[in-house]
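The same subunit A turns up in both complexes below, where it pairs with subunit B and then with subunit C.
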Partner chain A sequence: MMPTQTNVKVDGWLEAVDRLAGGHLTLLSLWADPPDVKMALLDEASGAVSIVSYHCRNGQYPSVGVKHPPAIRLERAIRDLHKLEAIGASDTRPWLKHTAAPYEFLAAEGEALHQIAVGPVHAGIIEPGHFRFTANGEFLVRLEARLGYVHRGIEASMAGAPLDGAAKFAARASGDSTVAYGIAFALAAEMALGIAAPPRAIYLRALMAELERLANHFGDIGAICNDASFSLMHAQCGILRELTLRAADDYFGHRLMMDIAVPGGVVRDIAADGAAHLGTLLAEVRRVFPQLVELYDNTASLQDRTVTTGIVKPDYARQFGAGGFVGRASGRAVDARRLPGYAPYGDLKFEVPVLTAGDVNARVWIRIREVEQSLALVEQILAALPGGALRVDLPSRGGEGLGIVEAFRGDVFVWLRLADDGSVARCHLRDASWFQWPLLETAVEGNIVADFPLCNKSFNCSYAGHDL
Partner chain B sequence: MAVIADFALQGAQMLLVLLMAPLLTGFVRKVKARLLSRQGPPLLQPYRDLFKLMRKDVVLASNASWLFRIIPYLVFAATWVAASLIPTFRSGLLFSWTADLIAIIAVLGSARFFLALAGLDAGTSFGGIGSSREVMIASLAEPAMLMIVFAIALIAGSTQLSTMAAFMNSADVGLRVSLGLALIALIIVAVAENARIPVDNPATHLELTMVHEAMVLEYSGRHLALIELAASLKLLLYVSLIACLFAPWGISSPVIAPLPLLIGIAAYIGKLAVLGFLLAVFETSIAKMRVFRVPEFLGAALMLALLATLLRFVSGSF
Partner chain C sequence: MRKTMIESLWRGPLTEPAPPADDAALAELAAKVNRAAQARLGRSLSIRHVDAGSCNGCELELHALSNAFYDLERFGLRFVASPRHADVLTVTGPVTVNMREALLRTYEATPDPKWVVAIGGCAVDGGIFAGSNAVAGGVKDVLPVDLTIRGCPPSPRQLLAGLLALLKV
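So, the complex of A and B:
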C-alpha cells in the first residue's frame, strides 16, 4: 500500500477539497509539516490512499473545513500547534490550545433554553473533557464538546527523537490502543525506511491487536450496560476482560502489551506455553460470552434503554469517515484491516459486521460480532504462526511513510517523515476519535439529558488520543 | 413505673432504627456485591463513612443561603422521627398515638420539600436537574402512597399503624385481592422513594443520570453525613413499613415482658434481612429506566392502589 503523493498548488488543493465535499473521497487526516499542509485521502472504492501536499505562503492555506466539516477541528488544531492559518474557515476558535480568553460556545436560541456545563472534572474517574449542553428541561437541543485538556505535546516531543524513542511516545498516545498505535507507527517507519518486518513479527502483532480488541470490547460492552445501571453485565464482562489482560501478561509480559510492536518487528516472542494458555482463554470466553449475549438480548429493561437511543445518521458516518463501531453501526462498511488493508489480514478469514440502525444497541452488537470475529482470528493466527526472526535491523536513512491500523475504536493513522540520520523529523498521529467526537454531538439530538452518558459510553471516544 | 418503661421502650425504638439503618444499607450493598461476584465493602462500611464525613470540614458554596445549612438537620430529624413511629419490634409504643400513616407521609413529604429547595439553593445546574426530577417523581409517588394508605385503612378500619398491624396479624384479615394490589403498589413506591434501581441508581457516578445524588451533590462533611444517614433511615422506614403492614408476625403486643420483646427484635432483624436481600436481587436483575418511564412506573402503582380501594368498595370480601 504505497500512497501516491502529490504536491499541489491552490487549484489542485481546491479540487481535492471539492472531491471530499462531493463524497468521492474520505478524509483520513489533515495535518501540518510546516511550511506544508498535508491531507491524506482514501478512495473507498479502490482502497487507494493518496497524500496531497500544499506549500503554504505567508503561513496560509485554503480552508478545507469550510466545504468539508470533518476538517474543521483538524484545521483549528493546526492553527494552535503550527500557526498556519486556514483562509476562509468558518470557525476560528482555538481547539487544543486553552487560553485565558473565555471560550465562545456555539449559540442556541429559543425560549426556556438553559445550559448545563459538565466537566472537565467528572464525578467518576474518567478522562477530562468539557461538555456544554443546551437543553429545554430534559430535552437536549445542542451539545458541544470542548477538548484539549490532555494535550501533552506528543507530536512535538517526537520531533528530533530517535526512532525507538519516538515509538514509545506513539505507544502512549492512548493507552487502551497502545498496540494499534505501536503497529501503525512501526508500519509508517518501515515504509519510510523501505523495509518489512519478518513474517513471525507480523503475525505476533496481529495476535496482540486482536487480544487488545477483545479486552477493550469486553470492557465496553460491560461499561455500556453499567451506564444503564445494569451492573451484572459489567461484572461478568469485567471478568472476561481481566482474563484477557492476564493472558496478555502471561505471553507478552505486559497486560496492555505496550512497547512490544516496534519498527522492524517485535521485541519479544510469546512465552513457550503461550499457545496452550491462549487455548484456555478462548475456551472460557466461548463458554461464558454467549450466555452474556443472551442476557443482554433478553433483558427487556436494558433493551429499552439502548434501542433507538443516540442514533448516528448513516450520511454523517459516511461524510465524517467514522471508523470502528460508530461507522459500522451506521452502515459504513469500512475496516482498516480490509481497506486499505495490511498484513497479515489478507491471509486470514474474517467478516466485517455492519448494521444500519446506528443506535446504542447497534454499537453494542457490532462489538459483540467483532468479539466473535476476533476469537476466530486469534485461532487462525495461532494455527498459522510462522517461525523465523522477530526483528530486522533498521537502516539509518530518511524517508516518508504512513501506517493505518484498525484499533478497537476505529482506524489509527500515523504519518512519519524521517531525517537523513534516521531520527524523526515530523510525526502525525490521528486517532479515530477525531471523526467520532463530532458525531456524538449529532447523536444526542432529540435525546434526553439522562441518556447522554449511555450515548457517550457507546462511542467511548479517546480523550488522550485526540488531544495528543 | 409503666411510664418509665414506656419511655425506655420508645427510646430503644429510636436508637434501634438509628443504629440499624446504616447496617441495612451496608447489607444491601454487600449482597449486591456478592451477586456480582465481588467481595464488596464490609458490612460496617456505612458507619465508617459516616464517622469519616462527620470529622471532615464542610465546604459551602459561596452563594448558599442559611437554608442550605439547616436543611440537613431538618431532613435528618424529620426522617428519624418518621422512622421511630413505625412499629418495628413492639406495637403500642408511647408515641404510637401520633403514628398515623398519613402523618408519617406528611413528615417525609416535608423533608423532601426542603431537600429539593437545598438542591436549588446553591444554584448549580445539577442541583436544579436533581430537584426537578425528584419533584416529578414525588408528585406521582405521594398520591400513590396516599391511595395505598386508604386501601389498607379501609380494610383495617384505622390509619393508626399499631392498630393496622394488630389487625393484619389477626385472623380477620384473610386473603384479600386488594391487599395484594396494595402491597405491589407499596413496593413500587418504596423503590421510587428510596432512589433505587430502576428509578435511580444510588451507586452511580454519572452526574447527568442522578436524581437524589444530583440534588445533594453540593453537600459535604457533616451535612452530607446527615443526609446519607437520613437516606439510610428512609430505606429502613419503608422496609419496616412493608414488614409491619404485610408481615406483622412476631411484633410484641403492648405488654412489658422480656421474652416477647426479644422475639420481636429477632423477628424484626430477620424481616430486614429478608427484605434487604430481595431488594438486592431485584436491583441486580434490572436496568435503570429512562427518566420519562418513571411516570408510567409510578402510574402503575397509583392505578393498583386505586383499584385496591375500589375493589374494597365493590365488595367487603375483597
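So, the complex of A and C:
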C-alpha cells in the first residue's frame, strides 16, 4: 500500500500541524531529507498513511512541536543532525548531539524540592541514559530524561551504503527488535523497488517476529516482577526466554535471528526439523506459562506494587500515538500488524488486547495476553507455511518506500529513498520509544522514587533504537 | 507458587556444565594479567558493565548469563552496581562520542587492579560503526583492553568461556 505523498507550502504544512494538534491524525514520524522536512501521518479511522513534504527556505520550517508536543524531540534531533531550524519551537536545546555546554534541565519550583541525578551509567546491565528526578521527600515531582548517549550515527552511516549493507545497520538499531527492524527495512526497500518478497519469506519473517515478541515479553514480565523483588517470576520467565532463544538458534542459526530478514526476502530457511520442534517449545510454554500468570495474579505483595503504579493517561497515549503495550494498556487500540497492517497478518487470526487502567499492572497484562496471541500465531504460521523461493533478486533503481512493523514494544517506522543505482540515499528509522519516553515522564509523576525502576521496566523503552 | 517451586525441586537443576575456558582468551590474558594481582583476588571477580554504545543485543546475552542455564554466580563471577566495587569492567558497543567521557570516568572510579573486557564485534574495533562521526572507535581506542570476546552478539556460552578465562590465568 503506497502512501499518498504531498509537497506542501507553508499553508499546507500548518494545516497538517493543526490536524495533528486537533487529534484528527497521529504523527508517525518527522524527519529531514535536506532540504526537505517530512511528516508521516496516520489516519487511525481508515488506516491510511500519508506523507507531507515541506521544502525548507533558508534551512527553516514552521515548528510542529509548538502545537503538537510529540514532535518536539524529533525537531531537536533534526536540528542536531541536519541543521534545519523549526521556527517557533519552544524547546531548542540539543538532543542527540551532546555539547560541552551544561545541559539546562527543565525547572521545577516549590518548597523542599531536591534533585536526584542518575546515569548515564546505570546500576544494572542496561543501556545508558540520564534521568533527572526532582522529588519532594519520596514523591516525584518531575522526571526529565536526557538521551542520545548511544547515538552512533546510524542514519548517516546508511547514506550511500548498498541495500544489503544498510540492512545490517537497520538490524542493529535496537538489538532486542532486530527482526522487526529487519522486516521494516525490507518492506520499505521492497516498496521503493516495486517488488514483493516470496510468500514463504513473508511467513518466515512473521514466524521470527512472533518468536522475538515471545522472547522479549517473557524477559519483560520476569524483569518487571524482579524490580518488585519477586525473583521467582524472573527465574521462571528467564527459562522460557532462554528456551525460545535456543529454538531460534536451532532453527534459524542465530539466537536473536539477526540479519535474516533482508530486502527481497530472507537469507535462510527454517531448519528441516524446525517446524516439528517448535511445537515442543509451544507445548512447554503452554504448560508452564499459565501457572506463572496465576502466580502473578495471586501474589498480593506483587500486585500491591504494580496496581495503580505509573499510570499513563489515555489522552496522552492517544496524543503521542503511543504504540505497543504502553498505548494498549492505556486504551489505544492500535497494532501495526492490523493498522495499517502488512502481510501475512491479514490472513492470520489474532486479537489485539486493550486495557484502560494504564498502570504497570495493565502493561504486564497486555504482555501476558500478547504471549497467548503470539503462541496461536506461531501455530497458524507453521500450519500455513507456503513452499517456494526464499528471496527475489533486487533490481538496481531508485524509489521511495516505507515500512511499518509491530515490534514487541510498538511500531517501528522506516522511510527509505534509494538513489538511481539502488544504493541508500536517505533512510530514517523511528522506534516506538520516541513516543513512549515522554509518557514515562508523565507516568512517574506523584509516584515514589523507589517505584521508578518498576515504571521504567514496564515501559522498557529502547535507548539504542531512539538514539540511533 | 508452591506448585511451581515443588515442580522445580523435582525437575532438578537446569544449570549446565561450564564450557571450557576459551583458549584464545587464555593466551590473550596470559600476556597481560599480573599474576600477583590475580592471586590476591582468588576465584571471585566482581564485574561492572558499561554499555558504551551497544545496540543492546550484547546486554540481552549478558543478562542471560544469570538465568538458570548458565548461572554465572556459581563461578564466583557477579555483576555489581558500582565501578567502585568492581574488579572487571565489561564494555559493549562502539564507544560513542557521547559516552566516551562516562566510560573514562567509570574506569577511573574502578579501583586497581582492574581488567577491561571488550564484548562484541562493535567493542573490538567499532564493528560496522567504525568511521562514523558519532563514534570514537572500539574500546581499545579509549581504554587499555585486557580481553576481547567477539560475536554479534556473543552467545552466553561464548561469554562464559571468555569470562572463565579470567579465573584460570
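Note that in this section the second predicted complex is superposed on the first by the 468 of 468 C-alpha atoms of A that agree within 3 Å, B and C clash if a C-alpha of one lies under 4 Å from a C-alpha of the other, contacts with A are read in each partner's own complex, and residues count from 1 in each chain.
The rule is simple: a residue touches a chain if its C-beta (ideal position, glycine included) is under 8 Å from a C-beta of that chain, and two chains touch if they have at least 3 such contacts.
In this text the structure is predicted, and so the values were computed from the model without any measurement.
Of the two partner chains placed by the overlay, only subunit C lies in contact with A:Leu245; subunit B stays clear of it.
Of the two partner chains placed by the overlay, only subunit B lies in contact with A:Ser229; subunit C stays clear of it.
Once the two structures are overlaid, the count of subunit A residues touched is higher for C than for its counterpart among subunit B and subunit C. Touch criterion not met for A:Pro386: it reaches neither subunit B nor subunit C. Judged by the touch definition given at the top, the superposed model places A:Asp176 against subunit C, while subunit B stays out of reach. In the superposed model, A:Gly153 lies in contact with subunit C only, and not with subunit B. Using the contact criterion defined above for the overlaid structures, shared-chain residue A:Gly124 touches subunit B and also reaches subunit C. After overlaying the two complexes on the shared chain, residue contacts for A:Phe452 are found with subunit B alone; subunit C is out of touch. Look at A:Pro34: by the touch rule set out above, it reaches neither subunit B nor subunit C.
After overlaying the two complexes on the shared chain, residue contacts for A:Ile116 are found with subunit B alone; subunit C is out of touch. With the contact threshold set out at the top, residues 123-125, 232, 235-236, 239, 299 of subunit A are in contact with subunit B in one structure and with subunit C in the other.
The touching residues of subunit A, when paired with subunit B in their complex, are 114-118, 122-125, 137-138, 225, 227-232, 234-236, 239, 299, 301-302, 304-305, 448-453. Subunit B makes touch with subunit A in their complex at residues 32, 35-38, 125-126, 129, 132, 197-198, 201, 203-209, 217, 284-293.
In the complex of the two chains, the subunit C residues touching subunit A come out as 1, 3-5, 14, 49-64, 66-69, 79, 81-83, 93-94, 96-99, 102, 106, 128-129, 131-135, 152-153, 155. Listing the residues of subunit A that touch subunit C in their complex gives 98, 120-121, 123-128, 148-154, 156-157, 168-169, 172-176, 178, 219, 232, 235-236, 238-239, 241-242, 245, 249, 255-256, 258, 291-292, 295, 298-299, 462-464.
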